[in-house]
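Across the two complexes that follow, subunit A remains constant while its partner is subunit B and subsequently subunit C.
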Partner chain A sequence: MTALRRASLPDRATLWLALAPACALVLLAMLVPLAEMAVISFRRESFGQILPGFTLANYASLLGGLASLQLFLHTFAVAAAVTLLCALLGFPLATAIARAPARWRGLLYFMVAAPLLVNTVVRSYGWLLILGRKGLLNSLLQAAGWTGEPLALTGNLTGLVIGGTQVFLPFMVLSLATSLLALDRRLMESAEILGAGPARTFVSVTLPLALPGLIAGSVLVFSLMLGAFVTPLILGGTAVKYLSVAVYTDALVLFNLPRATALSLLLMIAVLAVYALQKRLTRRAEAALA
Partner chain B sequence: MMADRLWRWGGNALAVFTCLFLVLPLAVVVLFSFSERSFFTFPPSGFSLRWYQAAWDSDLFLVPALRSLVLAAVATLLAALLAVPAALGLRRMAPGRLRSALEFAFLSPLVVPALIIGIALLYAFNRTQLLDTFTALVVSHTLIVFPFMFRAVLTSALGLKQALIDAAEILGASPALTLRRVVLPALVPGIVAGGIFAAIVSLDQFTVSLFVTQSEQIVLPVALYKYLFDVNDPVAAAVSTVLVVFGLLAAIVIDRLGWLRHLAGGGA
Partner chain C sequence: MDQPAPARPAATEAAVKVAARGLVKRFGATVAADRIDLDIHDGEFLTLLGASGCGKTTLMRMIAGFEHPDAGRIAIDGRDVTDLPPRARHLGMVFQQYSLFPHMTVEENVAFGLRAQGASDIAARVGAMLELVQLPHLRDRRPAQLSGGQQQRVALARALATRPSLLMLDEPLAALDLKLRRQLQSELKRIHRETGTTFLFVTHDQEEALHLSDRVAVMRGGRIEQLGDPQSVYLHPVNEFVADFIGDISFLDGIYDAHGGFELPGGARVEAPLSRPAGPVRLAVRPEQVVLTDEPTGLPALVAEVAPETGSTLLGLHLACGQKLQSRLLGLPPATLVPGQPVRVRLERCTLAFGAGA
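For the complex of A and B:
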């Protein structure tokens, strides 16, 4: 009887003791540092020293300046381009995965997911070798006589888009494939029996039904690319106009921590806004399907 | 009919192209690591292992590589020690606002970009004189891998049937014995899955490591990045090839376990 009573009586002290260590980790290692960071973003600095007082100057210069407006525009345009490319390249591959016989499906999954397990520094380095001035692509183009001068594909936003697409493509493909595999194949078959060609079937049956997967994949890729740092740093270099790289330059090269933290907070708000948007979009897509 | 065939062929061709696009940078790195010359040429000429020898002989990579491995193990273990009681605690809470809020808080290091966690920790560790110490690495990596561990353990904990625990207690088992013989064994699959993902995330983590270390305590990805921008010869490719091989081995193991297609839940 005592055992039964013990099982049914929730012991509040033990419960909170069990939760405390994890709460302490998130609080002390993340929330408090983030709060401190928010405080610094309202401070002034001089030669790397943070001065007391309160100022909105960091935000004012970031939100008002033409240079930072360009920075935000570039970052969002690159993230959007990467998302679009991931969707365009990801859809055919995800369709192939969904249609493939089980044996091939495993192999395709392996090819898509395995690059995720290779360090991002290594993958970006690979693109440096391909896109560099004397890299693989320029060697091939010049050998074929298509270009005289080597194309500038790194140290600018082009390399970033190409590298970012490869780095984040697996997320899109896996998300789309999950969505496509869950579809009832008979819907597509009936569309074809009723005379719709593959293109028509895709546009009016497959695409609308795969929309939740497409939205989930796009939001994931877009927000990951917005916050991405490794690929922009390696393929763009510190001169490129990209939010994450600008944060790094401000913090570790120029030692302007107030500006870096203000920029980081704006970036974080953007990323969280994208996640919030996803919740609404998925709900609407699911409502439309139901 | 013509258009239909074109649509199908185009789709398949694009799928093949995308597969090649995904593996191309890895293939190029591996190819370059065996090059005879110190700069990139295509088509490659000659075959040499001297860059591997040079990477082994230089003291730039071995210590950071060992540090990365120890760090991944310590951070994974700590995350497990925190995640198991947290998951069991949440399991006993009634569903509601508080439980959702706690669950969100425990998963939140996954939502905040690593760059921002890095900047915040840079300042926090700088103030507490912990910058460029192993402690700083352990704290930041434990935070980064915790959501992966927690999510996996929580799935196991929520799948644990209350009837089993009740049965053990009715049969006279003490809470400690029930924990050891019933509850923890049920969590093992979650801990193993979470542990593998946590270790991978820790080994891949570059951004936060770059911010919280300077020179004394750098980890392998940071050492590789610094070498790339200081020297940039095929030694970087040789080190990278080792990482490609380890990545593929990890992929094979995870594939055997049947978890490969769940990999997308991660972050970068």
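For the complex of A and C:
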């Protein structure tokens, strides 16, 4: 504190000093454990005991095995489906927010973001109440006579995708709305007076110009969903193969820490790759505008 | 593109391109259009002129179809378009902010309307439009790589490419600097002449309006105060507001004697052949009607301000009765003319007067 008040210190040094606690936290709480994980992922284990010496066997079996390939593909497919659904549901919502009068916008933003205030565990259990065998939806469908047997909407892919979409939709909407708000309404008016209908205006003007927001939102949702754990566990159940659930099982059920850490690191690399891809895509989308 | 020829009324009068009748538009408590009637003639350059908030933009946006009037009808080429969306009205529009599609090249921008309307001769038409605005060499550029003036010319080409019934221009030059504005003004006139398209121009700049237009509609408070050619609006304003809005003007309160004489408070007399009964009156005097003179019969005044303009000088004068007057001299002011100096002026051909102000 005294250092911050001393005016003789150059601004840059003051800034670094102020950042020091955060840097220390990242170093101690993230980089050090990460390094340890990386080390463990190259170890052998026996009945939960980590043995000395290094091996590539964990990675070899993960990258070479058909089961783990399936696990990866499945996880990516689910995350992609959730991303797509978020984009489809999020676009109209974000458009409505961007077009709303400024005094309503704050409230709309809050309504979109409000679910984030509720713990994911609670939200996922909430979906169980709606989608379960004796849940709200099945009761309604049976009462209406549309189905005899209750539909299996949880403990499988359907539940996982529905839950994941609801959990991560706010990120897509907020990201898209920011992009759409920056769009000059006169561009849409120009398209309209030139004879373009709503579909052509959307495809050739709105969508390309909202692309940076769509990419940012998609990457956010996709990577968050890749790493999501609570929702897959509660709504997907053990029947659904999901990376994060597999890591959990390896680490805390099978006590195979080397395998769990190797899997975690592969997941992390995948997420980083997605971010790198976003950087490239966004740069290209922005280059198209510059 | 190839629309059926518009059904025109029997050509006894100038063909009416746009007919607006009884247009009313309110935004909350604000009346942006107060029973507006307006005919835009085929091929003319008509300007809606007024200060911001006068309703000029709202009137244009109703014609464009972006605003639906609360009451009244709009016909274009004899067809009632009041309930048609903008895309079905076959119009062109140029915005102040250019509003080019930033992710498309110049060529793609100009082709946009042609594609949307399913035209067949797109390449030829785009080429012709870029020739018209003299930018064929920039067809592969993106808007961000163009100057403001170039962007506005591309916007013009884009709007004209579909051969619209009417081209609307919403303060298209307001974002440009003076020199460029002048240049684009003459270019607009040329393009208007060459294409024969009807132009509806919106501006708050009276000089621009007088310079460009065949007819000017001076607007205030959602109404058209006066509609006429630039000369008649300048020389024969229907009321004090229009007189004040168009060009520089001074108002002198005094008494008219019904025999060509105007008496200022304090007894000074000015010759003013007005066609109105005797009584209190407000005389309207343009600066170019106020001439410095050496004659002893001239009206005594004190120089209050000497403001050189481009090619002329505007003098601020104070009369003995306390009223103010402006005078315009050609060229630079004589060095002897300084604030505080007494001079004499003659008022020439003052025929314009309004009822005495409150």
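In this text, the second predicted complex is superposed on the first by the 264 of 290 C-alpha atoms of A that agree within 3 Å, B and C clash if a C-alpha of one lies under 4 Å from a C-alpha of the other, contacts with A are read in each partner's own complex, and residues count from 1 in each chain.
In this text, contacts are C-beta pairs under 8 Å (C-beta built on N, C-alpha and C of every residue); 3 or more make two chains touch, one makes a residue touch a chain.
This structure is a prediction, so every number in the text was calculated from the model and none was measured.
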item	value
Greater residue coverage of subunit A in the superposed arrangement, subunit B or subunit C	B
Touching partner for A:Val253 - first (subunit B), second (subunit C), both, neither	neither
First, second, both or neither for A:Gly197, with subunit B first and subunit C second	both
Partner chain in contact with A:Leu187 - subunit B first, subunit C second, else both or neither	second
First (subunit B), second (subunit C), both or neither touched by A:Val112	first
Touching partner for A:Leu209 - first (subunit B), second (subunit C), both, neither	second
Contact residues common to both interfaces of subunit A (with subunit B and with subunit C)	197
Complex interface listing, subunit A residues touching subunit C	184, 186-187, 189-197, 200, 204-205, 208-209, 288-290
In the complex, subunit C residues that touch subunit A	64-66, 85-87, 89-93, 95, 97, 99-103, 112-113, 116-117, 142, 144, 158-159, 162
Contacting residues of subunit B [partner subunit A, same complex]	3-4, 7-8, 10-12, 14-15, 17-19, 21-29, 32, 39-42, 81-83, 85-86, 88-90, 92-93, 102, 105-106, 108-109, 111-117, 119-124, 139-140, 142-143, 146, 150, 165-166, 169-170, 172, 175, 200, 203-204, 206-207, 211, 220-221, 224-225, 228, 236-237, 240, 243-244, 247-248, 250-251, 254-255, 260-261, 263-264, 266-268
List of subunit A residues in touch with subunit B within their complex	3-4, 6-7, 10, 15-19, 21-23, 25-26, 29-30, 32-34, 36-37, 40, 89-90, 92-93, 95-96, 106, 108-130, 132, 134-136, 139-140, 163, 165-171, 173-175, 177-178, 197-199, 202, 220, 224, 226-230, 233-234, 244, 247-248, 251-252, 257, 260-261, 264-265, 267-268, 271-272, 275
